[in-house]
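Dumping the structure here so I can ask a few things about it.
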Amino acid sequence: MVISPIHYVAIPLLVAFLIPLVAKIGKNWARILPGLTLAYLNFVSVYLMTKVQETGIISESVGGWDAPVGINLVFSPLSGLLVSLITGIGFLVWLYSYQFKNVEKNESQKYFTLLLMLITGANGVILTGDIFNMFVFMEITAISAYALTAFYRHRNGAEAAFKYLLIGSLASTFMLLAIMLLYAQVGTLNMADIASKMDQVSSGMKVTIFILFLTGFGIEAEMFPLNGWAPDAYTEAPGPIGAVFASAVVKAGVYAMARVVFTLFGYGDSPVEILIIMGVITMAIAEFSAFRQEKLKRMLAYSSIGQMGLVIAAFGLGTKAGVFAALFIMVNHALIKSLLFLSGTYMVYHSKEKLIAELNGMAKELPVTAALFAFGALAIAGFPPFSGFWSKVYFLIAAADQKMVFLIIMVLLVTTVEVLYYFKVINRMYFHKPEMELEYRRPSTNALISMFVLTAVILWISFFPDTVMGYIDAAANDLVNRAGYINLVLNR
Amino acid sequence: MNSLVIMLLIYFAGAILVYAANKFSAVLRDVIVVLAGLLPVALFFSIPAFEAFQFRIAGFDLFWDLGSLAYIFEALVVVVGAASLVYAISYMKGKKNLGYFYMNFFLSLGSMTGILMSQDLISFFIFWEIMTWSSYFIVVFNGYKTNKIGLTYIFFSALGAYAMLTAIVMINTQTGSTMWNDFFIAFAGMSSHYQLLISILFIFGFGVKAAMMPLHIWAADAYSHSPMAYTATFSGVLSKMGVYGLALVMIKLALVSNHFVFSQVIAWLGAVTAALATIYALIQKDIRKLLAYSSVAQLGYIITGIAVGTAMSFMAGIYLAVLHGLFKAALFMVAGAVEKQAGTTDMHKLRALIRKMPLTFITAMVAIIALAGIPPLGGFVGKWMLYESLIGSNHYFLVIVIFFSSTAAFLYAYRFLYGIFLGQEEEEFAHVKEAPLMMLIPMLFFTVLLIVTGTFPGIILGPVANAMNHGMGFRGVQWEMSVLTNVYGDSIHLSVISTIVVVVFIVFALFLILKGRKGTRYVTTKDIANSGEPVRPEDNYHFALDFYKPFERAMAPLYRFKMSEIYGNISDGLVSFFQFTRRLYSGNGQTYVYYVLLFIVILLVFSNQLINR
Amino acid sequence: MKKYVAVVLLLFFGYYLLLSFLQLDFGRADERMAVSKDYLHESVATNKVANVITSIVVNFRGFDTLGEVTVLFLASTALASILYRRNKPGVKVPKERILTSASHLLHIGAKVLFPISIVLGAYIFIHGHLTPGGGFQGGAVIATGVLLMILSYRKFHVNHNIVSWVESIAGIAFVAIGFTGLIFGTSFLENVFPVGTLNALMSGGAIPLIYIAVGFKVGAELIGLLDNILLNNKELKQ
Amino acid sequence: MNIQDFINFLVYGTAIFLIIGGLYAVLTKKYLTKIVIGLSIMDAGINLLLIAIGYTYKGTAPIFSPAVEGKTVTMVDPVPQALVLTAIVIGFGVTAVALSLVIRLYRHHNTLCIDNIKNLKW
Amino acid sequence: MMGDIWMTLLGVLVTTLLAFVTGMFYMGASRKITARVQNRVGPPIYQNFLDLIKLQAKDTAIHHGWMQLLGPAFLMVSAVGSLMFIPVLNKGLFFENFTADGDIIFLLYLMVFGSLGMALGAGQTGNPNSAIGVTRGLTQMVGFEIPWVMAIVALILQYHTTNIAEILEAQHRSGVWSMFANPYAFIAALLAAFGMFRYSPFDIVGAPAELASGPVSENGGKFLGTMMSSHAVFAFVKLVLYVDLFMGGADNLVELVIKTFGLYLIPLTYGMVNPRYRTEQAVRYFYGWPTLFGIIAILYAVFY
């Protein structure tokens, strides 16, 4: 059996269906199996990433029918990069939660199934070359996300999940409407095919479709004002799931948005200034709100939204440099925000309210976790020499090339706010005296390992950015090169 | 291997090693601190010329080389850094988290070295930011109370750094290169609003670190609240990185000649900084705070000197920068020694330590004389050159403002010495001993250095002139070992001056000491002529409260102007705005649905505009 | 106030949406068909499946269907996860439904209709490639039968073990058929089985097989969902 | 207004009315169950719309049953029908999850009124 | 070479002696004049010499530490040191001392050296009155230095030199005293001089009735004696400096005495008819008219 992109979807599905069966054999298998799957998928990532660098885009058709008749999966440098990233983080999150869920053994089966499906859904969104298929995978992602948000009974998860579901349903409605209109115009659902027939669509219709897509994907991509679900969901979901939200769900949304803008419509054809404007507004509002947060995970959630705003704005620049910057930020954000969520979770483990104020003096009790959190904060705020800096510089350069001085200044001012609130947390951890007896929980070994792996990767990117920049560059090329994508998928 | 890289490596490896060593043994840690502190000094002064080093990372060319101007500042970094580290060993004894402290200390030293050797903007910025956060981590070292101070510091630093980053990316766009040199060359060809924007951004960025007027409010608190061992470096050297940057930008971009008004504004900002910081310095009751404000004031002189931009004023600015590094380091060390030995730095509490800590007093006195710019010590040379150059280049009102602040500086200079060392003795401080040897060595080292530079400023002026002739674009800058000459051709001979002062002083000192020496005995300062009523043991007539009340009353309008209040209002406004944005997330799912619908409806309504783009 | 805002917004939204859709003439889909023509042709020519929709759902766009099945699976997992309650040790929660007992008429009627609906459901999904209907529809019919039983008998219990076994095995079967395509052919879900002749029961290769698996899966899934929602919600009574 | 336009208006209008009607419920109704019902109505509207765009005048179901063998028939577009199947199932799944969340919320707060369920703010 | 050194030493001694004697007589004269104005007889004009002899003859029994011992020496450095850099008479008519080695900016600083050193000595005595006096003195200094510096800057701008001898030269060359060439500078400097001489109304520093003579309280015998001598020298220094800067110097000692004494009378008589200012009043006074004149002086020098 040849290793091909379909493994990203088919194998986890197989495993997901298997889990109820193996759970009957031994409860532990329900926990181990997803991990093994994710480990295998990581291997697939490595294999395919090397392959795609040599041979170019891999387009695999499903069901024996070539595009546009059948559905196809496209493993391009872009989708490959994101899929590898998501799978990698998925594995680390699995590793992290392996012990985490020990207390509730019965539920661990569901937790890991949902986690696996969340990652599979995100991977599917990114890999698929078919717009309706993308919608289906978006729904898979969304439903797993709803369920995971409401996972803990003793929290307000259900409330958060309900809001998420409310807005998520709206997202799928808009997506479907857009797909419908598009199908009625061009009679096909394959993205490459649609893209090649896009000139048949009248410009008024195009804008409507674009707006519908923008809203639909904007909800998943946490664009303001569509991101009401995000803070609640991040806060109430189990800690590591926050990491997956930040690195998988949102990334899938942003990817979909970028695909629609760049491939479906073509950059010049769509009103993308909206992206810049909305991106900056998103970033500003989110970072401002984060500044006033009292809860740690909520603050991280807003920070995540802020970063996504930056990414959206970067995509909106539309140049290769902008896309490159956006992808670089996405990669960094996925890694660093995951680290922050993973380490932050342990710091508020026993706290009921999970307030930042309860972190006072936490560094004394959890030196390693606190240090990793502080490191993550420095990195995401873009302090050199850590990796966040490189991506930020590339974003600024891309913006400067487009002569958008206002954008640069806006972004940097907002970043200052970001710096402030992260340092507020660090200050509390390190320099405040605890007001009461601290209840804390030491991270288990596997959690530590996964955090250390993340840290090592971030450090690697920090000091040897060139090693990943090649991949990102290829990905950026892939996204910008619309004709190449169309021709390759349609075998022209 | 490249000696620049080795120096950098020593600092950064020192940072990691010292952190690791702290876990094992305190002695090992101290040994590493001293070694990694002194090794760069030896290396720096033993190597005649540094070769350049170049490599590529993340698509940027990084190019390291030590320019002639940077050489001066680098000397300051290694010397003051090493002295502070030696000092720190005694000073920090018995405190917690020393590994953390030394790590950040070395990181900031290393990053300063990096800044100075960076010939390209990217590595310049990287090192700049490392410097920022490593110094931030030391500012908050003392814990809880420093929280807000640290945040103010990091806020302004981040603003400044990002302003710089904006300028850097704009330069990259404009010139396609991130080298300082390419930028200097291409600058003249840019359109004038780009020129202005880039220079403003740069000056904003450097101005923060150099504590220039509206951006200075972090400085006093940050200087005074970090551990004194670090403040010696922080205020003495780290702030000079801003000066270094300003020097590069102001001079190399020819802002002085091409944007005259602009350079005037900066010069005036510097002067106003000096004046205001001085009058605030003299009402402080904490010696650390006094010194901190004094640092801001001194930086004001330096900025003015650089911004005026004539050969002599520039020389004065750089000279003052170096000298300020030396005497302010000495003064903060004195403050640290007092803090360590007497347990307080509050001048309302401190009393008459002169007999307990004579060597510390001598250091303090020499450094204060240098600070006040009184001949024959080094500070005078800088002040003299500054005045002469300002008058000589027709900045006559500027010189008045500078003169005002430097006269007012006598007030706090006196208060510093009096508040700590003089006045009536008090039982509470009877047990106080002289500072330990490890603290005295660096302090006395600076004392000697300050005395020497007073007579032979050429030691510093030589490299400065060299830098100005080779690299800064000045032509034919002259210097002599101990003669200063102004633009009118009048000169003063420092060796003569020193001789006269010293001879006269010694003659009369001998007279006063020796005349009737046998019959004179020491009595405590409680035994004073107080209208025939001796001071009782429980009384203390020490004068410390409202020391300069008359001055405050005279200058009341100036004291009413508080920059921190303006910033306070701005930040209050911002915080309530943040609170508003936060409340957009009302927690009601339906509201969010409204948002979504509103968003899409607005876009749809404007869809026609979107087509016609 | 809020309502008026909502009405205004919705009217705007509806207006613009309608404006877009009015450009598509109703009943003129034939003018717009592009890929569909391929489907209509290939379904008969290659797959030998009379019901083109089945052909699309299971073969051409089979990947979507896999996704759909997964959505259902996820929904049931999610439901179980969301509604799961940890039993306090020693406290036995009675497995009773909240519903009141149904009338005698319903008892008898349900008993009669239950086997019929099962058989009908099975028929629908087995003949999915020939007649309208298929796995989803069949599964839904089966689930309806079970729902009928649940509504009429308070103590009617679905064996969870069986449901989850059926669910899993059907799902695995679907993916496994997909993998056969990958192993014996070129791609996942490829129809590598002999396709037979058009309009025969044994035609269409893997398509009826998949649809049968889907039928089982959907049926089991829906039963599980219903059971989960209705079971164990004692508080609802108060 | 010719007859075609009128039909367009009628068909799409009905479907879109369902969508905005569902949305109206989502926006203004205070009870979780009603909101879920609103979502379902919205789904129904979408599905209707999806089916509508695939319709061809005088088209038959796209089944090549023996009845149509050999004749030339117009068939309706099969793709929207396949899509609507998927959409329905997904809608069902989402509704199920929504209902389960409603149950959870009821257990937790003992109310279904959205105004009383506001633990998460800002 | 050896001769040079001896000549230099001789010059130093003679100049210092001259300054000392003249200064002492001026101080004596001031006491006499004040007394006459207040309708008293007053001490003889040589009374200060007698006081000095008495003070130096006294044994000093106690001291409060070595800084007190050194304080008057600082004062002396300031007085004698400044004297060395000021041409007493016009060029070539008297010992030149070190007039070529310093300039007026340097002198400004050297002149405050003494009071700061003295302040340290006063601080060590532990008498609160000393410290209060010092703070007042320093505050007042911040006041009068501004018009004083403005006047000097005006002169520098006018004559394009900072060397005192050169300024003298320039006045001779143009034939107009700078007092008339830039009258505003002279007025500003003169008003500043009121503060510099610390006669009433600016005598809050010493404030005899209030502060027990301020910084010098707690000092007697050799300390007070040395201080007194240095005050005498310093008074002469200031007067000669004024004469040099504004009145074209003097060609012989008689002219010098006339000019300096004339100048000396101005602050003296002003003080006799004025009550004492509080410190902040003094500072505000200096920032009023004197500073305005200083500004006018600078503008005049620039545009003239």
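Order as written gives the chain letters A, B, C, D and E; numbering starts at 1 within each chain.
Here is the rule we go by: a contact is a pair of C-beta atoms (placed from the backbone, for glycine too) under 8 Å apart; a residue touches a chain by one contact, two chains touch by 3 or more.
Here the structure is a predicted model, which is why all the values come from computation and not from measurement.
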item	value
Subunit C to subunit D, fewest steps along touching chains	1
Graph separation of subunit A and subunit E (steps between touching chains)	2
Most widely separated chain from subunit C, with each centre as the mean of CA atoms	E
Farthest chain (mean CA position) relative to subunit D	E
Interchain centroid distance [CA atoms averaged], subunit B/subunit D, Å	69
Subunit B and subunit C: spacing of chain centres that average the CA atoms, whole Å	73
Rounded Å distance, subunit B centre to subunit E centre (Cα mean)	36
Length of the line joining the C-alpha centres of subunit C and subunit E, rounded to whole Å	107
Residue list for subunit D, restricted to those that touch at least two other chains	19, 23, 26-28, 35, 49, 53, 79-80, 83, 86, 90, 93-94, 97, 101, 104, 119-120, 122
Interface hub residues of subunit B, defined as touching at least two other chains	582, 585, 587, 589-590, 593-594, 597-598, 600, 604, 607
Complete list of chain pairs which touch one another	A-B, A-C, A-D, B-C, B-D, B-E, C-D
Sites on subunit A touched by subunit C in the complex	1, 4, 6, 9-10, 13-14, 16-21, 60-65, 68-71, 104, 106-107, 110-111, 113-114, 117, 124, 128, 130, 132-133, 136-137, 139-140, 143-144, 146-147, 150-151, 153, 158, 161, 177, 181, 184-190, 193, 197, 202, 204-205, 208
Subunit C-facing residues of subunit D, complex	4-5, 7-9, 11-13, 16-17, 19-20, 23-24, 27-28, 49, 52-57, 59, 61-66, 69, 74-83, 85-86, 88-90, 92-94, 96-97, 99-101, 103-104, 106-107, 110
Complex contact set, residues of subunit C against subunit A	16-17, 19-21, 23-24, 29, 32-36, 38-39, 42, 59-64, 66-68, 70-71, 73-75, 77-78, 80-82, 84-86, 164-165, 167-169, 171-172, 174-176, 178-179, 181-183, 185-192
Residues of subunit E that touch subunit B when the two form their complex	59-67, 69-70, 72-74, 76-77, 80-81, 84, 98, 101-103, 105-106, 109-110, 112-113, 116, 119-120, 123-128, 131-132, 134-136, 138-139, 141-143, 145-146, 149-150, 153, 156-157, 160-163, 166, 212, 217-218, 221-223, 226, 278-280, 283-284, 294-295, 298, 302
Residues of subunit B touching subunit E in the complex	352, 354-355, 365, 372-375, 380, 383-384, 387-388, 391, 394, 396-397, 399-400, 403-404, 407-408, 410-411, 413-414, 417-418, 421-425, 486, 488-493, 496-497, 500-501, 504-505, 508-509, 511-513, 515-516, 519-531, 541-543, 547-548, 550-551, 553-555
